[in-house]
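Scrolling down, you'll hit the structures one after another.
Both of the next two complexes hold subunit A, though its partner changes from subunit B to subunit C.
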Partner chain A sequence: MDYAWLAPVLPISAFALNVLIWRQMGARKHALSALTTLAAIGGAFLVFLAVFSDASAHLEETATSSGRHLIFEGTPWFTVGVSPHLYVFAPTLVVDWLSIMMLGVVTFLAFLIEFYATGYMKGDSRYWWFFSVKALFTAAMLGVVLSYNFLLMYICWELVGLCSFLLIGFWYSERTNAEAAKKAFITTRVGDVGFFIGLALLFLKTRTFDMKETFAAVESGAIDPATVTIAGILIFLGAMGKSGQFPLHVWLPDAMAGPTPVSALVHSATMVAAGVYLVGRAYPIFHASSTTMAVITTVGTITAIFAATIALTQRDIKRILAYSTISQLGYMIMALGVGAYTAGLFHLFTHAFFKALLFLGAGSVIHSMEPVLHGTGRNPNDIFNMGGLRKQMPVTFWTFLIASLSLAGIAPLAGFWSKDAILVGAYEADAWLPLVVALVTAFLTAFYMFRCIYLVFFGPARWQVATSTGDHHDNHSTNHDIGHHAVPHESPWTMALPLVLICVPAIAAGWIGIPGFSEGFAETVRFGPMIEEHINLVLAGAGTLAGVLGIGLATLMYLTPVSGPRLISESFPAVYKTLYNKYYVDEMYQWIIDHVVLAIAAMAATVDRKILNDRIVDWCGPFLQGAGARVRLTTSGYIYHYAFGFIIGIMAIGVVMSGGIPDMRFALW
Partner chain B sequence: MGYLSTMTLAPFIAALIIMLIPSERPGITRAVALVASVISFVLSLVVFAGYNWHQAGFQFREAYQWLPDYGITISLGVDGISAPLIILNAVVLLTGTVVSFKIADRPKEFYALFLVSVAGVFGVFASLDLFILFLAYDIAGLPMYPLIVIWGSTRKNYAALKLTLMHVAGSLFIWVGMIAIYVQAGAKSFDLEYLASQAHSLLTPGFQTIFFPVIFIGFGFLAAMWPLHTWSPDGHGAAPTAVSMVAAGVLMKLGAYGCIRVGVWLLPEGAMVWSPVFVTLGTIGAVYGGVMAIAQRDFKFVIAHSSVSHMGYVIVGISTMSLVGLNGAVLQMVSHGLMTALFFAMIGAMYDQAHTREVGIFGGLARNMPWYTGFFATACLASLGLPGLSGFIPELLIFLGAFQTYPIVGILCVATVALAATYMLRLVARAFFGPLSPRWASLHDLLPNEWFVGAFLVLSLIIVGVYPTPFLDMINASAAPVIERVGGVR
Partner chain C sequence: MVPIEHIMVFTGALFSIGVYGVMARRNAVLVLMAIELMLNAVAINLVAFGTLVYPGQINGMVFAIFVVTIAAAELGLGLAIVLRVYRMRSSINVDDINLMRW
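Let's turn to the complex of A and B:
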C-alpha cells in the first residue's frame, strides 16, 4: 500500500519527459508524448488495481474507531519557526475507500479518454502539448485525491486549475476560448480565496495543515464552534468554485470551449468532482456545524434546479451537458448537505462514468458534423443542425442513449441507484424541499436529455437541409466542394472503443450499491457507522416516474417535428429568454466587472496619476524652490539681523542646556 | 581577500577596467562584464553552499580598518537573511549583463555604470557596518540617474529625476536616523552588532519610538512602500531592460532589507510600537498596487504596479513581527526579484522588436513566439502565486503571519491574490492568445542570449518554488533571533 504515491508521480514524470525531452524530437514528439502519457496513466490505473486488491485486508487491519485509513507521512518539505512554535510542512497521503474510489474513477476514465483523444486530436499541430498537459492534469488530480494535508491538497488543487486553464485555452487562436480559460481560472480563484482563508483560520487554531490533527481538533471541540462554522463555509467556497456551484458556476459552460476530451475528463468527470470530493474529504469540519450543512444544502439545491432549467433551452450540445453537469453536481452537494454522505459520493461515482460517456458521445457527433457543416458557417455543436444521426452513427447513438437513460435515473442503470440513494437520504433527513427539488430536477433532467437525443439522432437530417438549401449568402464554391458529398459517419475505432468500454460502468457501476442486496459502496465509503439501507418503493417509484414523465414529454414534443416547442417558447417569451440567457448571471457579472471593478481600478489609476503624482509628488519641487526663495531673504547682509539671530540662538541653547524654562534666570544671569 | 569582498569588488573593478577599454571595442567590454558577473555569481554560489544553514549569526566574516577614529570599519559578513539576497543579486547581475549584450549605444559607459550599481547592492547586503551599508546604498542607487536618462525611454528625464530625488530623500531620513543611533549608542561605533546589542540599554524605548519610523520610512522609499511608491512605475517604465531588472529586482529589496536590518533589528522596541502603522501601509500597498495593475495598459506599468503590490506583502511580512511572516518576507524578496527580472527581460525583448509595450494591440503571439510565451507565462504564474513556482510559499507564509497578528490584514492580502490572477491572466490571454494579427506575424522568438536569460530565470523560479528548504532553513535560523527581540516567537 505504501506505493500509492506512484499514482500521481507516474503522470507527472510523463509530463516532465514530454516537455523536457520529447519536445526536442521533431515530428516524433507527438506519438512519443501520447504514448508516454497513456503508459503513465495506465500505470497509475495498475497502481489503483494493486491498492484496491490490497485494500480490504489492510484497511480492516488498521480499522480504528476514527475510521479505516492508512496514512503515509512524507519527509518534511520545509520547516519554519523554532521549538515549541515549530511548523513542519510535510506531504501526507491517505489511502481509504474514498480515495481508492476516486483513484479508480480518475485513472480508468483518464486512460480511456486519453485513448479516445489519440483519435479525436489527430492532426492537431500541438498534439504533444495536449497530452503533456493531460498528464500534468491527471497527476494533479490524483494529488488532490490522495492528499491528507490541506496544504498539499491546495497545491494540487491550484495545479488542477492551471491545467484547466491551459486545456480550455488549448485552441487559443479563438479569442472566446482565451476568454473562457481566463474566466475559469479567475472564477475558481475567487472560490479559492475563501478556501485559503478558511484553511488559515483553522491553521491559527491547530497550527498544522495536517487533516488528521485538524479533524481531531474539530471533533474534540478544541476549536470554538464559531470558527468551525466560518472556516467550514469558507472552505466550501473553494468547493463551490471548482464544482461550479451557483453563483460560481459561470465558468463551467464556457469551459466547453476546450477540446471535447477535455470536457469529458476535466469538466465533467474529475476536476469538477474535486469540489464534491473536498466536501466528502473534509466532512468532519462541515458536519460539525449545522449552519455549514444548511449552507451546503441550500447551495446544492439551488444549483441542481437552477442549472437544470437552463439546460432545457440550450442549443449547443456541449452546453446542455455542461448545465447538466452543474445540476448533477448540485445534486451531490445537496445530498452531502443533508447528511447523506454515502449517497452523495455514490452519485459522484456513477455520474463520472455516464457523464464522461455522454461527453465522448457528443464529441463523436461533433467530430462527424464538423466536415459536414464546414464552410457553411453553421455551428457543428448546435443540435438544431443535426438530426437523424442514429443511422450513420449507431455506436455513438446506442452508447449515448444508455448514458442518457442512466442519467435520467432509469432502473437498472447506474444512475438509478445513486439517484434513489439521494432521494432516500433527503427523505430520511426530513429535508422536504430538497426532496421535492430532487424529484423535479430528475424530471427536467430526463426531459432535456431526451430533447437532445431526439434532435440529434432522430427526425429529419437538418444538416442536409443546411447544405442544399440554406445559407445562400455563403461561399458557393465551398458549399459545392464539401457540402454535397460530406455525410456524417461513425467515428474511428479509437473513439468508438472507449465509448463501448465506458458503457459498462455506465450500466453497472450502480450495482455495488443496491440496498439490501449488494452494499459494497455503503459498507466502504461512509461517515460514521454504516447505515442500513432499505429500498423505499414509494421513492423509487416516484423517482422513476419523474424520469419516465420527462422522457415521455420529450417524446411528445420532439420525436416528430411538431410546432409544440416553438409554441411554448413563443407564448412565454420572457421565461424562454431568461432561461436561454442563463438567468442573465453572466451579464450581471459582466456589468459588475465593467462598472464596478474596472471603474474602481480606472478611478484609482487616475487618482494615482493626477493627484498623488502630478499634484503631491511633483509639487515637492516647486515647494522647495519657493521655500528656498523665501528663506533666501533672511540672508539680508545687515549685521544687526545676524546679531539678533545669534542672540536668540544663544538664548535657545541656554534654555536647553539649563534643562528648561524655569531655570533660565539662573543660567543666564 | 575573502569571498564576500571579492564578490563585491569584482563588478567594481570590472567597471574600472571597462572605462580604460576603447569605445570601439565593445566586444572586450562585454567580455569583461561577463567575466566579472560570472566570478560574482560563482562566489555567491560558494557562499551559499558553504553557509551553515542551521546556524544563526554572521558567517564568512571579514574586517578591514578604515577610519578607526570614527568607528568605521569595512566589516563584511552574511547571515540567513542576506545570503539569499546575495544569490538573487548575483543572478540579476549575470542575467542583466547577458541580456544587455545587444545594447549598441555606448555599451562601455552602460556597463561601467551598471556594474558599479550592482557592486553597491552587494555592498549593502554584505556590510556589517552601518556607515558602509549606507555608503553602498547610495552607490547602488545613484547610477540609476544616468542609466535611465541616457538609455531609457518614455518620459525618461522625469522618471530618472523622480527616482533619484526620492532615493535621496530616503537617504536623508536614513542619514538622520543613522547618526542619531550612532550618537545615542555612545561608543563611537557604526558596528551593527554593537548597535544591536544596545537595543535594550542605551537605545532607550523613547529613542526607538522616535527613530524607528525615520529609518523605516527612509528605507521604505526604495522598498516602494505606499505612498512612497510613485517612483517605481515611472522608473521601471523608463529604464532600459537591465536597469529595470536591477531596479525592480534588487533595488527595492535594498529598501526592505534595510527595514529589517537597520529598522527592526536595531530598534525592536520602536518596531513593536509602530507595527500597526506599517502593516496598514503594507496592506494598502498590496491592495492598491493590485487595483492599479488592472487599469494599466503598458506591460511595464502592469508589472511595476504588481511590484508595488508584492512589495506590500513584504512590508506586511516584516511588520507583522511574526517569525512566519518574516520568513515569508525574505523569501518573497528573492522570489519577487527573480520574477521581475524575468518579466523585464522578456518585456525588453519584445520592445526591441515591436517598439511598443501597449498590451491591447498584441494578440496571438504564442503562435510565432512559443519560447517567449512559455517564459513570460511562467513569470505571470509565479506572480499570481501558483504552487510549484517561487511565489507561492512566501505568500503563504506572509499570509499566515498576518493572520497570526492581524487577521483582517490577512484576509485583505489573500483577496489580492484574486486581483493578481486577474491582471496577470489578462496579459497572457490578451497578448499571447487570440488570433495572430498580421502586424506581429514577423516577430521572431527569443535571441540566444535572451533565451539563456529566460531559461535561467525560469529554472530559478522552479527551484525556489519546488525546493525552498535551504532558503527557508537559513532565513529561519537568522530571522528567529530578530523576532525574539520583538516580542518573541509565536
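Let's turn to the complex of A and C:
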C-alpha cells in the first residue's frame, strides 16, 4: 500500500521527461511525449489496480467517521512559525475508499482520453506539449485526490487550475480561446481566494494544515462553531469555482474552446470533479455546521435547475454538454448538502464515465463535421448543422445513445442508480424542494439530451445543404478531399476504441451501488456509520418517469420535422431569449466589471496619479534639493567657522558626559 | 605643593587663550601657535592630574612627553602646508584660504 504515492509521481515524472529531454529530440518528440505520457498514466492505473486489490486487507478501521483508511506521512518539506507555534509541513497522503475510487476514475479515464487524443490531435504542431500538459494535469489531479494535507491539496489544486488554463487556451492563436482560458483561470481564482482564506482561518485556530488533526479539532468542538461555519463556506467557495457552481459557473461553457479531449477530461474526471471531491474530502468541516450545509444545498439546487434550463436552448453540442455537466455537478453538490454523502459521490463516480463518453462522442462528431463544413463558414459544433449522422457514424451513435440514456437515468444504466440514490437521499433528509428540483432536472436532462441526439443523429442531413451550396472555389487546393467525398465518416480506431471501452463503465459503473446487491459503495465510501440502503420504488419510478417523459417530449418535438420548437420559442420570445443568452449572467458580470470594477479602478488611478504621484512623489525631489541648497550654506570654507563648530561640539560632549551642567563635578574625587 | 585648582585655572586660561587665537587670528602661523598653546594646556593638565591620581608614578609625564612630540611633528607639517599655501597664493591669511566649501 505504501506505493500509492507512485500514482501522482509517475505522470509528473513523465511531464519532466517530456519538457526536459524529449523536447530536444526534434520531430521525434511528438511520438515520444505521447508514449511517455500514456505509459505513465497507464502505470498510474496499474498502481490503482494494486491499491484496489490490497485495500480490503490493509485499510485500518479508525475512530473517525470517514471510514477505513491508511495515512502515509511524507518527509517534511519545511518548517514555519516561531518556537511555540512551529508547524512542520509534510506531504501526507491518504488511501481510503474515496481516494481509491477517484484514483480509479481519474487514471482510467485519463488513459483512454489520452489514447483518444493521439488520434484527435494528430498533426498538431504542439502535439508534444499537449501530452506534456496532460501528464501534469493528471498528476495534479491525482495529487488533489491523494493528499491528506490542506496545503498540499491547495498546491495540487492550483496546479490543476494552471493546467486547465494551458489546455483550454491550447489553440491560443484564436482570441476567443485565449479569452476562455483567461476566464476559466480568473473565475476559479475567485473561488480559490475563498478557499485559501478558509484554510488560513482554520490554520490560525489549529496551527496545522493536516486534515486529520483539523477534522479532529472540528469534531471535538475545539474550534468555535462560528469559525467552522465561516471557514466551511469559504472552503466551499473554492469548490464552487472549480465545480462550476452558480454563480461561478461562467467559465465552464467557455472552456469548450479547448480541444475536445481536454473538455472530456476537464468535465468528467478532473477539474470539475475536484470541487465535488473537496466537498467530500472536507465533509467533517461542512457537516459540523447546519448553515454551511444549507448553503451547499441551496447552491447545488439552484445550479442543477439553472444550468439544465439553459441547456434546453443551446445550439453548440459541446455547450449543451457543458451545461449538462454544470447541472449534474449541482446535483452532486445538492446531494452532499442534504447529507446524502454516499449518493453524491456515487453520482460523481458514474457521471465521470458517461460524461467523458458524451464528450468524446461529441468530439468524434465534430472531428468528422469539420472537413465537411470547412470553408462554408458554418460552425461544425452547431447541432443544427448536423443530422442523420447515425448511418455514417454507427459507433459514435450507439455509444452516445448509451451515455445519454445513462445520463437521463434510465434503468439499468449507471446514471439510474446514482440519480436514484440522490432522490432517496433528498427524500430521507425531508428536503422537499431539492427533491422536486431533482425530478424536474431529471426531466429536463432527458429532454435536452434527446433533443441533441435527434438533431445530430436523426432527421435530414442538414450538412448536405452546406456542401451543395458551399463554394468549391474557396477550398480547391488545400482540402481536395472535400470535393470528393464531403460526407461525415466514422472516426479512426484510436478514437472509436476508447468510446467502446468507456461504454462499459457507463453501463455498469452503477451496479456496484445497487441497494442490497453488494456491499459496494454504501459500505465503502461513507461518512459516519453505514446506512442500510433500500430501494424506494416510488422514487425510482418517479425518476424513471421523468426521464421517459423528457425523452418522449423530445421525440415528439424533434424526431419528426414539425414546427413545434419554433412555435414555442416564438410564443415565448422573452423566455427563449433569456435561456439562450444563459440568463444574461455573462452580461451581468460584464456590466459589473464595466460600471463597478472599472469605476473603482479609475478612482484608484486618479488617487494614484493626482495625489500619490503629483503631490507626494513629485514633491520629494524639489524638497530635498531646496533643503540641500540651504544646508550647504553652512559650509563656508572658513577655518574658524569649522573650528567654532568643533569646539561647541566638544563642549556639548563634555556637558553630556559629565551628567549635565548643574551636577558638573569631577568624578575622580 | 601647588593646589590642583590653581593649575586648573591656569590651564583653563591657557586653553581659552589658544581657542581665542584659533578663532580670531587671521595669520595662519599665529593660528598654529594658538594650537600649540592649547596643546600645552593639555600637557600641563596631564602632568598635574597624573601626579594627583597616581602619586609617585610617571604616567602623566609620559603622556606629556608624547603630546610634546606629536605637537612638534604637527607643527612641522602645519608650517610646511603654510609654506606651500604662501607659494601658491602669496598670502597666509586664513580668510583667503576658503576653498573647503561647496
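Here is the rule we use: the second predicted complex is superposed on the first by the 590 of 669 C-alpha atoms of A that agree within 3 Å, B and C clash if a C-alpha of one lies under 4 Å from a C-alpha of the other, contacts with A are read in each partner's own complex, and residues count from 1 in each chain.
Everything below uses one rule, namely that contacts are C-beta pairs under 8 Å (C-beta built on N, C-alpha and C of every residue); 3 or more make two chains touch, one makes a residue touch a chain.
Because the structure is predicted, anything quoted here is derived from the model rather than measured.
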Which of subunit B and subunit C A:I71 touches, first, second, both or neither = neither
Request  = Would you sort A:I600 into first (subunit B), second (subunit C), both or neither based on which partner it touches?
outcome  = first
Message = Contacts for A:V193 in the overlay, against subunit B (first) and subunit C (second): which applies, first, second, both or neither?
response = first
Ask   = Is A:I647 in contact with subunit B, with subunit C, with both, or with neither (first, second, both, neither)?
value = second
Task = Answer with first, second, both or neither: which of subunit B and subunit C does A:Y638 touch in the superposed model?
result = second
Ask   = What is the contact status of A:A181 with respect to subunit B (first) and subunit C (second): first, second, both, or neither?
value = first
Comparison of subunit B and subunit C by subunit A residues contacted = B
Note = Footprint intersection on subunit A (subunit B / subunit C) at none
Remark   = So, in the complex, the side of subunit A touching subunit B is made of residues 77-82, 85, 87, 151, 154-156, 158-159, 162, 165, 169, 172-175, 177-179, 181-182, 185-186, 189-190, 193, 196-197, 200-201, 203-204, 597-598, 600-602, 604-605, 608, 612-613, 617, 620-621
Interface residues, subunit C side, partner subunit A - complex = 19, 22-24, 31, 49, 53, 94-95, 97-102
Ask   = Where on subunit B is subunit A touching in the complex?
value = 162, 165, 227, 230, 234, 288, 291-292, 294-296, 323-324, 327, 363-364, 366-367, 381, 386-388, 392-393, 396-397, 399-400, 403-404, 407, 410-411, 414-415, 417-418, 421-422, 425-426, 428-429, 432-436, 468-469, 472-473, 476, 480, 489-490
Query = Residues of subunit A touching subunit C in their complex?
reply = 632-633, 635-640, 642-644, 647, 668
